[in-house]
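Here chain A shows up in two complexes: once beside chain B, once beside chain C.
After this line comes the complex of A and B, so read on.
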């Protein structure tokens, strides 16, 4: 699975990196690591607008966002 | 659930934008300069003057709104568990982006917030400034798409995040007790201000709401272009509607280009000044208001950016770069060109492969 580490980057870099990740891996799930609530919200919003479902796992320092295309998994 | 959360976030953002807009209009009624109910650039410039960093006598006053923005965000960030000491993402570059952003704003005579306040008061030069701002954001986006970033920040001890908020409390004490080393305008825009308590309360409310909603007056335009997302733009639209409708109600709307308060009619430099500001703010990841809010959340990089804004304001008046109601100064346009070259170089050389 493609994993994007966007920890430490401030707005809007995590969104830009996620956008590239989704464009370069169409139809595949993508995992994004972020370390702030703002990045979590922004990346989630982008993924949902592109038709992905978002599963959020809290980590010790931040969040792991699992973006799934056209999946029926519940969103967080 | 995610959709409901998104709906709630959007509703909060729009309400916060409306409240801020109405506040910016009312602050003019309550004593702030006309078409300058809130201007983050002008107000930082006024504080720089009050501290003696520049000696332009008509723009020296410690604006409690700025203090309120940072402290409101500080309270909110602590209350919601989002306060975190962090920093170390190209601080020197951020400082100079802040310097040049301020120079651009003071050639136009307003930040991205005041551009809307001016337009909401009928000043059509505000529209020219907004177009320049959007063009600057568009340029910045080209660099973002090519992999521009300022590098990763790292976690820092909590005390680093306290430095700027405590600095704001010190400024508030200066504002209240007026020690002799603090300058205060006897005339001009710096002499026009609402009561300290009113300004501070409005600043605290807006700072709190802006921290919760992530409101940003450059990010809204950027997201419209970059990811075709209207979320953050909602606050910009709501702010404008709030300030415009409240101005209409209070009889503060006067349409035209000529004779507008604290404004000039040179379209080229209104446009390019805001292009510089918009480009710098896009590379910085947020408008001056957003930088103040992040500062309140413990972000030392935003703190350095704010110091850059202060330095830029001091330079802009010491080197006679800031415009006046007669138009751009002799040196202001040169400073805008130098700033654009600096930022284009930064944008070009700070790309990484993505």
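After this line comes the complex of A and C, so read on.
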């Protein structure tokens, strides 16, 4: 799975990195690592606006966001 | 600043100090004359140094207007790295000087330090009659609430950093941020204002909540009447929301009731921290017409001014957004 490490960056950089990750991997699940609540919320908003579901796992220092395209199961 | 719990300053001539979360300090000199003093500076919010200078100056001058005063003198505060071209600094200072001149005030000096990141702002001194000081504490039930600039500058400047804002929208934001609040201030004084504050870092809801607290009232805002800059809803929907908006939400969320149909995106726009935002004015309902008549005689900055809500008796919330 594509993994984007956006730790250490403040907004809007994590959103921009995630946007590029989604554009470069259409139809694929993408994992994003962030280290702030602001980035967690903003990246979640971006993913939902692009039709992805968001699963959030809390890490020791930050969050792992697993973004899945909503149509991935039906299109295989 | 007030969150630092500094011991309150008591002085019979200090008419407005830190404790009421107001926009500037007011100090009485004589029975007819008081000084207003305020200071603000920040890192560039837009790429163009000349317009950044204008924005910083309009933002610093705004506190004087919000309190009913007339700007008199300004001092520059500059941080600038030695790795950037000196022409940028010249352009920033020229932007500030032009805006201060437009306000009818003068720049009398300033101070600069070398720093890694550029910062610019001004300390501004204004004059006001002690009897005519406008604070955020005078709103009364039955007043209408008027907002004079559209919301969204925090979201737009975040979007500009992501290179996702059209030139037209950037221009609209720059026009709004460089517009002096002078015309709105003159109109509110002509109409008979009860309370005023300007919308800056705490966002519309943060500054409105301060007014509600200081005035011991509650406020009702109508979502559909609140003016936004273009593209704001789309940018917020994409997650281009500055950290300050989340801080404002965390600080205020228990004081505010949102109608069910208000979307998460709309809420974040109401929490969006503003740079050089508009005035937020409470004045008697029957004076609303004369305010807009007085404002429409002015040339600039009237485009987005709207009545956005009303003041009610104190309820168990500070603000209802419906």
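The rule we apply is simple: the second predicted complex is superposed on the first by the 70 of 76 C-alpha atoms of A that agree within 3 Å, B and C clash if a C-alpha of one lies under 4 Å from a C-alpha of the other, contacts with A are read in each partner's own complex, and residues count from 1 in each chain.
The criterion applied here is as follows: contacts are C-beta pairs under 8 Å (C-beta built on N, C-alpha and C of every residue); 3 or more make two chains touch, one makes a residue touch a chain.
The model shown is predicted, which means the values in this text are computed figures rather than measured ones.
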According to the stated criteria, A:61 is in contact with first (chain B), second (chain C), both, or neither; which is it?
first
More residues of chain A are touched by which partner: chain B or chain C?
B
Partner chain(s) touched by A:20 [first = chain B, second = chain C, both, neither]
first
Under the stated touch criterion, which partner chain does A:43 make contact with: chain B (first), chain C (second), both, or neither?
second
Which of the two partners, first being chain B and second being chain C, lies in contact with A:8: first, second, both, or neither?
first
Doubly contacted chain A residues - partners chain C and chain B
10-13, 15-16, 19, 36-38, 41, 44-46, 49
Inside the complex, what are the residues of chain C that reach chain A?
158-159, 161-164, 236-243, 246
Within their complex, chain A touches chain C through residues 10-13, 15-16, 19, 36-38, 41-46, 49
How about chain B: which of its residues touch chain A in the complex?
1-2, 6, 9, 82, 84, 89, 144-145, 149-155, 214, 216, 219, 222-223, 226-227, 229, 231, 285-286, 294, 299, 301, 354
Considering only the defined contacts, which chain A positions touch chain B in the complex?
7-13, 15-17, 19-20, 36-38, 41, 44-46, 48-49, 54, 61, 74-76
